[in-house]
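Listed below are the structures to be examined.
Two complexes are shown next, each including subunit A; its partner changes from subunit B in the first to subunit C in the second.
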Partner chain A sequence: MMAGVSALVRLLPVMLLVSVLTLAATGIGSSFMPPDRVVAALAGQGSRMDEVIVWTLRLPRVALAILAGAALALAGALLQRVVRNPMASPSVLGITDGAAVGVVLFLWLFSDQANNLTVSIHWQPLAAIAGAAAFGALVIALASLDRGSSKPLKIILYGIALAALAKAAVTLLIILGPVYRASQALTWLTGSVGAAHWQDVLAVGLGLAAVIPVLLLQRLTIRQLVLDPQSAAVSGLSLDRAQVCLLAVAVFLTAMATAHVGAIGFVGLVAPHVARIFHGQFRSGYLFSVALTGSFLVLAADTLARIIAPPLELPAGALTALVGAPLFLYLLVKGRQSHA
Partner chain B sequence: MPDTLASLDRVSAAYDGAPALNEVCLDLPDGRIIAFCGPNGSGKSTALKVMRGLHRPDGGTVEIAGRMLGDWTQKDLARQVAMLSQSPDAPSDLSVGDLVLMGRFAHRSRFGGPSAADRAACDRALDITEMADLKGRALAQLSGGQLQRAWVAMTLAQDAPRIFLDEPTNHLDIAHAFELLDLVMHLSRSENRSFVIVLHDLNMAMRYADHVVLFEKGRIAANGPTTEVLTEEIISSVFGIDCRIMPLDGLERPVIVSWGKASGVGVSGQASGKMRKICT
Partner chain C sequence: MRRTAIALCLALCAAVVFSLHAGLTFYTPQTVFAALMGGEGADALIVTTLRLPRTAIGVVCGASLGLSGLLMQSVTRNPLAEPGLLGVNAGGALFVTFGVTVFGVASLAGIGVAAVMGALAATALVFSISASTGGAGNPATTLLAGFTVAALLASFTQTLLLIDETALETLLFWLSGSFSDRPIGLLQLGVPLLLIGAVGSFLLATPLDVLRLDDASARSVGVNVGVVRLAALGLAALLAAGAVAMAGPVLFLGLVAPHLARRLTDGALPSTRQLIVLSLLMGALIAVLADILARIIVAPGEAPMSAVLALVGVPMLIHLLHRRKGLAA
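Take a look at the complex of A and B:
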């Protein structure tokens, strides 16, 4: 099978890159560990100390970065197909900001006079999921009410409007809320995998595992969505149903990831573009390539965030945005030519 | 196969409140080449979209291949009626082969790659549109005519017995336009496929259509066998131009020659009288 071979040839380097980065990221920290010790610890052959560092301190963080990156990237790729616009991503469509509203609202509602949380911090992911789902549902509802021909563009506009609304709500809540919680909210808003535990890894991992069968079954639909709405419909695609279903999957992925790592931006926008250039969006394995690219981006950003100014740890979200924002601008400028 | 391809009963449709079809009643025979003709904005494309379920009518009922339009599932309908819309669009990095394979969406299994039947249908569609050599090309690398033929190939790969074409000769030079309509004629005669084609060029309709529906201002001005509909009188009144219909040696059908605007004022009044008579 020619197609399978050429897809594999393109996937292997990215897989290798993610593997090497995983070893490096696990080794890097306040006490550096060379790759051979990392491998030994991973295999259960290392010293007791190394194994504790690797398995309880470093690996959850690395695994969470990989899984969250994959989820955000996949969400971005799905959204770009649903709205037929390469500029779509979870943050452009207001889903990430929806999660932020959930978290800030949670920190605001459940803080007491002394700035302590009155409930467990473990409820915070749930608040993020609720916020993302609420805003995602709003986008879906507005989109499914719209029967016009310019629907894909409208979905983007609805998203932008809702994102603006969410941002305004977050700003207001932070200003009105207690000061200590505000700074905590800000850290979360920029996005960070620093506080990773195995239970976070498990949650995001299970979310991804639930989505994979859906993506496999819907792969022809996901591809068919690149056609203009009329051509897609006459070829036999139930357009409204496909759009709403995949929009829901994208919201779910974003909510799962954002809830546990914060509002890491631009991965959902950039990863599909990178995979499109290096893999090709019509070669089989495209979504896998997107997921790997997303993993790589978030893991690289988080690793850089730990190296740049130790012992200070920068939020990974700040670094993905640092790389992502100029790329977004580049795509906007270049897109003007190719979509004219 | 039912004798009626489509049956419209008092169908009205509009775009954002602007009326496009006004209580149209229409029965179309199956197994023929039917041309939808008429001035710009007369409702011919809208009628085609309504018949394929792409535009929701404001009133009336549409029956297609013996079943109410709303009773079809998207995939079942796609297996029965394919359509090439007026300005289809796909990403420029899509290859011709992948585009044509997308025409198999209604047939493909959810699991695994394309079946032998899928591949055969695609190869055949590429062959008869003479696009087989360009299979690996990206859409961005095609000329306007090649691109249009790639879309025609995708539509044919769908393997539907009924095919709607909305101004398919739009981006084609005159030689390719004839080629495409010759292909339509061939598929109609050899495989008994039905075609409904929106055509601007009345001479093309005259030459290739078995049956012509002439639209005017959202209503049907004339409907019937080609030579009965495309007459000097009807064309003059619907388009407001003077014309002559003249036989040419060696051609089965005559040609329409026009030299522009009609001079009389009373002509359009005559047309609306005719319209009322036909659609009640």
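Take a look at the complex of A and C:
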């Protein structure tokens, strides 16, 4: 009970930050809206114009940023646990690019001469999941075939190699494919929540909701994965099945997010580390804190991307890389020094 | 060894000749010959203004990257070192983009200076990060640092381009990494840099041979390890800068060429001097072949050469990772 309360207290600041940012992000745009009008519009008591702007233009975008950020961050946290490497993340392991391959392949295969899709666009997330799963499985397979030592590091290197392969495949498919689809795929690949609709929000939201029971069931495993393999085996944890299950969850989350917002990198890397510092990775509610941090990061990146050079919008993915890459380098230097 | 070099030379000549013939329309040798002899007409124009420049740029660019990769690999004793993967090319690309968008640089010399500065800066950054991780330049750590620095620099480049839309149009194509539609004048930049790199590496060949032993043994025979390492990395950066200025950032070429060159030596331990010659030739050959493939596989479109190279380079990278058991130790 006490542990729950203290975890809640620790979660409060980041919850507060996300709420404040939500209000700000909903207010900021080509016509600025002060917070009181935003709140009024949200409560259904604003002017008609305000309500249209808030409910159909800005809120879907904000909601999608929050949900996609949470999904990517959770995927990153799970991967870091399973792979036992704090540098793991969906984009470093090639899973994000795998999802991109799936989507571009889908657009290419199911377009007719007139550039219309021959099947419903709602199958697109499924294609993303297939691509992400294929590349995830490939990375794991390569790493497990490797008889050498230090697998946690090797798996990252294999991931980088396969990510490069996936990028090349995407480029080729875009060039091979119909021109209209190509330009659509390109905007999507830069990683942006700009074209959000409520149905995207619903899809990612449902995906997250589906994952929560699994995470609750596996919460002991997730905590125990921090232990080294030997002690985990002694404590009676069937690591392989648990690992596979968590990997599948991570792949699913990555694919859902990537299918709807594109390849926003480095969130899955950064969020678990920030949450570790401000929340502690052994406290209950750690994963919740990770998810909120991810929401905050993507929402902040998207809001910044809108206000840096209006009326232009930068892709949110470019801004998350600016934060994420230096952190990764820091981890690299620090981790290695402590080993040496 | 001499026979291998001659065979490679012949293969390169054949590839170059084929490159003049191949493309959207295949020409007969007579047409190409007539065009080179100053013939007129549409066909001659295509051969002399499109195919000849891209082939020449491919040769120079490939040779530069092949040698640059060899220098990085031997100086750091790291089989994974390569200007593309280590972010050196991304550094050159960022500085060129910065020069064009912020300072309005348009001259060849300006672009060249920017590319050289960027490549040197990125090299310094990546290798100082990898050195500061303790244990002089662990291969895996260097690769990770380079990969991340490359991602960071690329996202800067992307941001700059989005802010300046006119630059986007001129630079986007260049940034995709390709030999086609490049002004032939770029060779005035690439050839001198390649010459400096080649002559410099020949001068460094003997100390580099000694450096294959461990640092202590190299020091004991009177090699100034620090100076040699710095000079070789500097040359590698210069070579990469020339290639970036000509073709944009190209990945994997610098990784693949030296390894294939080593394969050709039949398990004998080749001297650095021999490897330099073979890497130059192999780099040029791969570049020309990749460029031909890029023209053919998605005809009538044109595939980015960088994608073609990745399709070859990734399996090779995975193979190298697999073979080196103690890599990350």
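In this text, the second predicted complex is superposed on the first by the 273 of 340 C-alpha atoms of A that agree within 3 Å, B and C clash if a C-alpha of one lies under 4 Å from a C-alpha of the other, contacts with A are read in each partner's own complex, and residues count from 1 in each chain.
Everything below uses one rule, namely that contacts are C-beta pairs under 8 Å (C-beta built on N, C-alpha and C of every residue); 3 or more make two chains touch, one makes a residue touch a chain.
Just so it is clear, the structure is predicted and the values come from calculations on it, not from any experiment.
Asker: Contact-wise, after the overlay, does A:P310 reach subunit B, subunit C, both or neither (first, second, both, neither)?
Answerer: The answer is neither, since A:P310 touches no partner chain.
Asker: With both structures placed on chain A, which of the two partners, subunit B or subunit C, ends up touching more residues of subunit A?
Answerer: Higher number of touched subunit A residues: C.
Asker: Using the touch definition from the top, say if A:R223 reaches subunit B (first), subunit C (second), both or neither.
Answerer: A:R223 sits against subunit B, while subunit C stays out of touch.
Asker: According to the stated criteria, A:P13 is in contact with first (subunit B), second (subunit C), both, or neither; which is it?
Answerer: Neither partner.
Asker: According to the stated criteria, A:L142 is in contact with first (subunit B), second (subunit C), both, or neither; which is it?
Answerer: second
Asker: Go through subunit A and flag every residue that touches subunit B in one model and subunit C in the other.
Answerer: Overlap of subunit B and subunit C footprints on subunit A: residues 147.
Asker: Going by the contact rule set out above, which residues of subunit C touch subunit A in the complex?
Answerer: Per the touch definition, subunit C meets subunit A at residues 129, 132-135, 138, 140-141, 143-145, 147-149, 151-152, 154-156, 158-159, 162-163, 165, 251-252, 298, 301-304, 306-311, 313-314, 317-318, 321-322, 324-329.
Asker: Any idea which subunit B residues touch subunit A in the complex?
Answerer: 49, 52-54, 56, 73-75, 77-79, 81-85, 87-95, 98, 102-103, 105-106, 108, 110, 113, 151, 154, 158
Asker: Which bits of subunit A are touching subunit B when the two form their complex?
Answerer: Its residues touching subunit B are 3, 147, 217, 220, 223-224, 226-228, 230-231, 233-238, 276, 280-282, 338.
Asker: Name, in rising order, each residue of subunit A that touches subunit C in their complex.
Answerer: 87, 142, 145-150, 153-154, 156-158, 160-162, 164-165, 167-169, 171-172, 175-176, 190, 265-266, 309, 312, 314-315, 317-319, 321-322, 325-326, 328-329, 332-333, 336-337, 339-340
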